[in-house]
Structures are given as C-alpha cells and as structure tokens.
C-alpha cells in the first residue's frame, strides 16, 4: 500500500477542490472547495514526516530516535490559521453580496455587477 | 451543476486530472526521511533547539521561538480578519435584534455546566502549550467557541455585556501591542528584536521554556477575544440562533 | 497505522460527496466531517499540535461560522397572510395549497423556507421593502406593479360581498385587508359588517355563522397568484415553471382537491 | 537590526492607530519618520560595505528565518516608503477611518518584511498578509462592484498561495530547507531533477498570481479599477511589486530564463492589447500595469546582470509613475463623476490644474521620454538585453504604451485653472519630483558605469521614435474597436487559466 500515503491523498484532494471551485456556481460551495484546496496542502506538508514507527515531537514522552520532523508541523499551524482568516473574510463578503443581489450564483453576480458598472459611475 | 457548460466541465476535468498526474509523478516522495541528499535540517537539530529553549513540545519551540516572526505575522493576519469581520458586518444600517431561545432549561443547565469546563480546557491547552500539544491559538479558539454555547442560551448582547464590551475592544489591540512589545524589548536592550531573553528553566515545569509561555498567554487571550468577536458578528447576522 | 490508512482513503470520498451536495447545509456538514477526519489523520500522523488546531479551527469554528452564515444566504422568506386552505398554521406545522407549492419551489432552489405570517395589508409592504421574497396568502393582484412580479394563477376565485345586519350594501365594498381572525370574531358576534371577500376567506368565515348577513357573489374572472419581489427573478421563474408543470401534469388538481374538498 | 525593526515598528503603529483612532494621522507621519531614519541607517551600512544578513531570534544560519538587506531590498523598501509618503498626503483630507490606517501600516510593514526575507515559508505568510490587507482595502468603499472584485482577488490569490505551499512541500522534502540561499545551492547541485521542475513551476505559478503576470493575474484589472485611488496606487506600486520581488528571488534559485521570457512577452502583448482597447481610465492603467510587468520579466529573462538590475530599476520607476497616475486619475474621475476617457475630455476644465499636470508627468514617465523615470530605467534595461527578439518586444511595448496613453492627451490642455487642496498637490509633487529626479536617485541600485552608458543617442532616438509612432498609430486606429474575450476574468475561467499557466511554466522549465 505504498501508494496510499498522505501526499498522494492530498494531491487527489487538491484536484477535487479545484473541480469544486470551477464547477460549482454557488459561492458558499466555492468557498468550501477553496477550503478543501487549502486543507489539502496542509495534509501534504504534515504527511512529509509521517511514518508508521514515528512518535510525536514531544521531548520526555517520545523516544528520541522516532520523533517525526517537527518543522512542517510548526509551519502548518500558521497555514491553518491563515486559511481560516481567508475563509471568514470571504464569507463576510459573500454575505454582503447576497444582501445586495439575493443570490450566491457567481455567474449572476458577475452579470449584475457588470451591468451596474455600465449604468452607474465608479465614483460618486 | 447542470448550468455549467459541457466544454467547461471537460476542460476543468482534463486540466485537473493532468495537474494531479503531473504533481504525483514529479513529487518524488518516497517516504519520510528518504531524500536524494542529506536534508539541511534534521530532526536531531530540532531536538537540540528545543532542549536549548527548555520547551518539551518541539513544535512550540519552533513556532514561538525559532520562527516567531511567522507566528507574529499569523497573529496579524488573524487580527486583520477579526477587524475585517467587525468593520464589514457592523456598519450595515439595520442591526437585527438578537434573541436567545429561552424555552429549554436543559440547554441552559448544560451550558452552565459546560461553559466553565470548556474555558478551563482552553486555559489548560494555552498554558501547557510548551509542554504538551496545543498552544495559544488552539486554546483561544476552544475558549472562544465555548462562548458560542453561552450565546445560544443568553444571546450575544448579554454575553458581550458580561465580558465587558469596552474591555473586549481594548483587549483586541492591547494583546496585539503586547505581543509586538515583547518582541521589541530586546531592541531596547541593544539586542536584536525577537531574541528570547527569558531563561530556559528546567524542562517539564510550567515556568520553563523562556518566553514561549508569555507568548502563548498573549496569543491565547488575543485569539479568545478575536474568535468571540467573529462569532458574535456571525450570530448577530443570522438574526436568530 | 491501519486506522490511518482507512481514514486517508475515506478523505477523498467524504470531500467529494460533500462538494456534490445541492443543499449548502449538507455540504457544510460534510466538510465539517471532513475536517474532523483530517484532524484524526493528523493525530495518527504523530502531529498532535496540528490535530488540535485543525479540530478547533477547521472543524469547529469554521463550520460554526458557515452554518451561522448560510441561514442568511440561503432562505426563501415568504410573507403570508394566514388563510385556511391556502396557507395556515395547524399546531406546529404549516399546511395549505400555497404552502405545498412554495415548499416544492424552495426545495428545488435549495433554499430553506421561512414563512412570516402578517396581516394582508402588510404583505405588499414587506415585499417592497425587501424583507420578504414571496408574498402569499390569497393575493389577487389587480394593478400592475413593476417592482412586484406575478406568477400565473393557481386557483380561481371570486368576489363575495358580505354586509349586514346594520350596514347598507353598495355595489363596491372595501376589499378585506386585515387579520382574518378579527373578521371571524366579528362575524361570530353578529356585529355590523360590510366587506368584500375572496373565495378562501369567504369559505373560512362561512364555516362560522353568516346567517345574520347578506351575501352576493360577483362573477369576475379572478384568480389567486403569488407576488414575487422584482429583485428575485430566479424565484419568479422557478415558481412560474413549477406552476406550469403542476398544471400540465394534473398534480395541481389533486392538490386543490386535497385542501378544498 | 533595522531589517526587522522596520516591519515590527510598522505593525506596532498599526495596532496604535486602532488603539487611538484620533491620532491616526500623527501615527502615520511618525511611522514615516521612523522608517526614514531606519532606512538611512541601512543605506549607510550598505554604502560602507556588503549586504547585512541576519537570522531572526539569533539562531544559526539556515535554522531560523533569514533576512538579507541588500541593494534590492533597500531600493524596494525606499519605494514603499516613498509611496507611503504620497498616500498619507493624498488621504490627509479624506477623513478615512482608523481601520484604513491600520491596514495601511500592516501593508507597508509586510512589504518591508517581504523585501528582506529569504525564507520561503516566511514569504508565504507575508504574501498572505499582503493579500488580506489589500483585499480589505479594495473593498473599503463597500460598493457591490468593489466587493465582488476583491472577493475574486481573494479566491484566486488564495489558490495561488496553495500552489506555492505545495511547491514548498516539494522543495522541502528533497532539500530539507526553506532558506532560499541554501535552496539555491541544492538546486544547483541537481539542476535537472524532476522535483526541481515541479517545485519551481508550483512556486513560480503561485507567486505569479500575485505578481500581475497576465495568465495568472486575471483578478487584477477589476480590483485595480474598482478600488479607491489610494488603494489602486498601493496595489500597483507595492503589492504587485512584492510578487515581483519574490519572483526575482526565485529566479536566483531555479533556471527560469526561458519561462520568464515567454511569460514576459505574453503578459506584455496581452496587456497592451487590452490597454489599447479600453476607454476607461482606471482600467487602462490596470492593463498597462500588466504590460509593464512584461518588461520586468523580460529583464529577468535576458540573463545578464545589467538586464536584471535594469528590470528592478524599472520596477521602482513603474511603482512611482503608476502610483502618480492612479492618484491623479482617481482625483480626476472623482471630480468629473466617471472615469470614461471621453467624459474626462469633455469635462476637463473641472479637473484641477495640478491633477492634469500630474497626469502629464505620469504619462511622460510611462511612455519613457527623457529625462523621466521610464526612460532612465528602460535604457538601463535595454542596455542589458541581448537577444534581438526581446529588443523587438520591448520596442513594441513602448509603442503600444504610447498608443494606449495617447487617448489621454486631450484631457491635458485647457486654459482654465482650477485649484486643488494642498495635500493632494503635495502628494503629486512628491511623486513627480521622484520621477523627474529618478536618474540621480537610481544610483542606489544601478552601478554608475551602467548609468552613464544609458545616455547615448540611440536610446534618445528610440524613445522619441516610439512615441511618434505611437501617436501616429493612435490616429490611425482611432474609432476602431475590436472585441477581446471577457470571460477569462470570471472566477471559474480564471482558476482554469491559472492551472493552464502552471502547465506552461512546467513545460518551459523542462527545456531550461
């Protein structure tokens, strides 16, 4: 089962997320897909060090020889938080758009903003 | 799905599949530790580093000492998100009334019992971040989410009032400034900023690990307040809970 | 380690199924489940710090704010005046012909249906203010309004003039606009009354005592419709299509017979 | 020590301007003064010897986050500072909220960190902070168009950053390092390994989304055109440039000459096509930003030291005149009530004289007439380019730029004098001064020998010829509209185009 490791799965997840991002028109589901893409890179980084006889990077608890690489774990902590921040703000913006256009369909919002742009001026 | 044109679906599936294949083939991952050359950083280095800082959790030692600047930037990103949510969701004309669901006493009792427990867990995860898994960020989020429970029962206004609205608003920037000041203190002592000045202490004790505990505490407080602000706005915006 | 493999193999399926959902709520719950599984994978990959952070942020906080947000983004708000047979509260449930049609429309749009009952005179105001998307509850629109869209008729109705005992009949009475329960109350007491009613409301009132009053029926070709806020052309189109489908398949007949035996 | 103090103090000022919103302008000025002091200290150290290097937290090299204060970093930091000055003046009378100032401080602080860092993951975090801060700034006006533009920006940039992180994983698993200098050594040891190509393509593809490369940055026109003028100036002058800085750092690691050549030519030509076609002033500026990024990439691709330095010099020059153009265009559009060029021409008398003068200086700068910034930087750049093909492309972009900006000329004349307030005029004067005095100023980045070589008559001749040709073409083309595809600017197509761009980079890396 050597092909079934975190890296392979994470790349497949990246692909699924991309498809969701392109093919689903609902903005909320687009954001979920974007979250999946981001999460897949985190899985990829964490899996770089994972091995069956590994031990968590805690001194005094784990055997020193078995400790897995702690650097990817440390950096993905930042990545997780950043992904959450992006998601929260994107969600707020989707809420603002829905309040204005009463829809989460990306094509319709695209069309309506383009029409509005033609009609009204960009500055007031 | 059916509104999407067929050609777009075909192009998307084709490109994505090709992307996956290219990345899978090119990645060259043959299992952990199997590299073409000796990696620049090894686990042994990190163990030395962690022992130098006095922290037992190696990840914490990297996250809050070696790569502290990343963490500060990440806290800034989180602050920007909190501010953004606050800015874009408040000044929108009509604030909707928020009501709690008063009817079920079971929920109320459960919340009364659970809330202190969740806050305690958050505190533990924060304070013991350098000894066991966890840290300021996860601790703060756990405690902040615990308040969601209180918001369900009491309504966000009551919870905010109990926590003290002005205190919350101030904590938001006091903690941020605190983190930056702790990072800048060495500059005042003619050392480079972000250097850890506190002693390593004896590993395994709460008071060990240099300034990791200090940072964890500040970040925990900051994230606790921040996640509550986010939750409050989202709850308020739902109209009812 | 077997557990880790099983979880890893599960991840793409959970993610794929979650993103294929029509209803946003299900997709969100699916992705929350995905995050939880991911956190377990991290834990089994000897990354407890990442697992805790992912569980707290990805699985809990992110899912919460999604769920909190979608109520706002995904509901079909109906302003309705309560009319027995068309849309009425029966205990905890709502039933009626119009409710059934709206329920189907909401399901096909992937929206949660929220009904706000209010007096008939307020329904149009709610629509114009954008507080509701659809107006229901025995609406017979007469004048054209470019800010409100009409759906095709779903039930024919008529004008019933009710007056008495102390009131004089005129050829045109004020159409009824208020709360139906008040009217029923008035009728039950036999108090003076002069009002024009549509079929469903007339039936509702006539279940109680109408002996003291005189009744006349005007034979205008009138029908009930829904009113849709002009900012919601999608909902209007969907409702129109749905009504046409229901009529051509004969389902509408069955539904009408169910509520108006 | 200045290297880390610059960003950290900016962040502290950001927190302070939220804490005490009333003194937000005082803090903005104080931050500029502190920056100036730190930058001049850094410049003195640099003038005295080689680049300063440091590892944050006092750790060993390669272990912690490495910062390097070289000429490039100092130049870009100065650019950021200079733009910061003009933005503070420009917004002085606008009564913006403390929130705006906080974001401004964070953006500038992150830019300072970006120009100095040589750690890949640190670059990722900084780029994300830049993305979020500028995302919120684009939506600051809360118009639905702005909200939608910035949402697309966020989604596409986040996708790009995911590609970057994936590339970082590829690189890390094979080298075990995140330090760019260390990474360069390892890549040089095995330049043709498959992971080098994949990692390089992912990293470059990810950064290119932020750097304004046409195939990748399809979010850019809408975001630039719909944001507030001050924000557009920041986006074009600072945020895009930070992507360029990272591309430059990556070009020292991976063999990217061919890639940058192809991408540069593509982005330059496409940008020009769209710029010539549009009649909306702000969109015109946005598309021209794309075409100008082409110059930089061609400069990186040429392979000579002179071309690389010239490209960086041009990046600074572009930051200056594009910021000036955006500020002036925003002011003009606000006064007239629309940014359509024809409307601006009709109502040109209501546009303040200072604004029209600023537009003139900006146009002279961007079309590259001597002695303005564009000419000086382009001359250095061209001196280093050897393949004739690239030379032809650079000349073509010059002509195209002249064609697209020729339609602005009717706005400028007019005997009517309208006064504007002192703060915006100061902002214009500051930037215009830098554009006029660019040649002496660029001594910081360009060696003196290279500078003197640019003052030759062929360079002058070429500049004037390009402008003349551009004006003639503009007359010929006038009234002729051609339609270009607009669907690529949607979120779905944009995602696919980014994927396609990744493949282009990947394939091109095979041949280098």
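Read from first to last, the chains carry the letters A, B, C and D; within each, the first residue is number 1.
By our rule, contacts are C-beta pairs under 8 Å (C-beta built on N, C-alpha and C of every residue); 3 or more make two chains touch, one makes a residue touch a chain.
The shown structure was predicted, so the numbers you read here are calculated from the model rather than taken from an experiment.
The chain pair with the larger count of C-beta pairs in contact, out of B-D and B-C, is B-D.
Of all the chains, the one whose CA centre sits at the greatest distance from that of chain C is D. Chain D has its Cα centroid 51 Å from the Cα centroid of chain C. Measuring from the averaged C-alpha position of chain B to that of chain D gives a distance of 32 Å. Centres computed as Cα averages put chain B at a distance of 40 Å from chain C. Chain A and chain C have CA centres that are 35 Å apart.
Shared contact sites, meaning residues of chain D that touch two or more other chains, fall at 121, 125, 128, 132, 136, 139, 142, 166, 173, 492, 496, 499. In chain B, 1, 4, 8, 12, 16, 19, 23, 27, 29, 41, 57, 59, 63, 67, 70, 73-74, 77, 80-81, 84, 88, 133, 135, 137, 230, 237 are the positions where the chain touches two or more neighbouring chains simultaneously.
Within chain A, the positions touching two or more other chains are listed as 5, 7, 12, 14, 18-19, 22-25, 42, 48-50, 54, 56-58, 68, 71, 73-75, 77-78, 81-86, 88-89, 93-96, 101, 107.
Taken together, the chains touch in the following pairs: A-B, A-C, A-D, B-C, B-D. Here chain A touches chain C in the complex through residues 1, 4-6, 9, 12-13, 16-17, 19-20, 24, 26, 28-29, 32-33, 35-36, 39, 42-43, 46-47, 49-50, 52, 54-58, 68, 73-74, 76-77, 80-81, 83-84, 87-88, 91, 94-95, 98, 101-105, 108, going by the rule given at the top. On the side of chain D, the complex with chain A involves touching residues 121, 124-125, 128, 131-132, 135-136, 139, 142, 144-145, 147-148, 150-151, 154-155, 158-159, 162, 165-166, 168-169, 172-173, 178, 225-226, 282, 330, 333-334, 337-339, 490-492, 495-496, 499.
Put simply, chain B touches chain D in their complex at residues 4, 8, 11-12, 15-16, 18-19, 22-23, 25-29, 35-42, 45, 49, 65-70, 72-74, 76-77, 80-81, 83-84, 87-88, 170, 172-174, 176-177, 180-181, 183-184, 187, 191-196. Across the interface of their complex, chain A is touched by residues 1, 4-5, 8-9, 11-12, 15-16, 18-19, 21, 24, 27-28, 31, 34-35, 38, 41-42, 45-50, 53-54, 57-58, 61-62, 65-66, 69-70, 72-74, 133, 231-232, 234 of chain C.
Taken together, the chain C residues at the contact with chain B in this complex read 20, 47-49, 51-53, 55-57, 60-61, 64-65, 68-69, 71-72.
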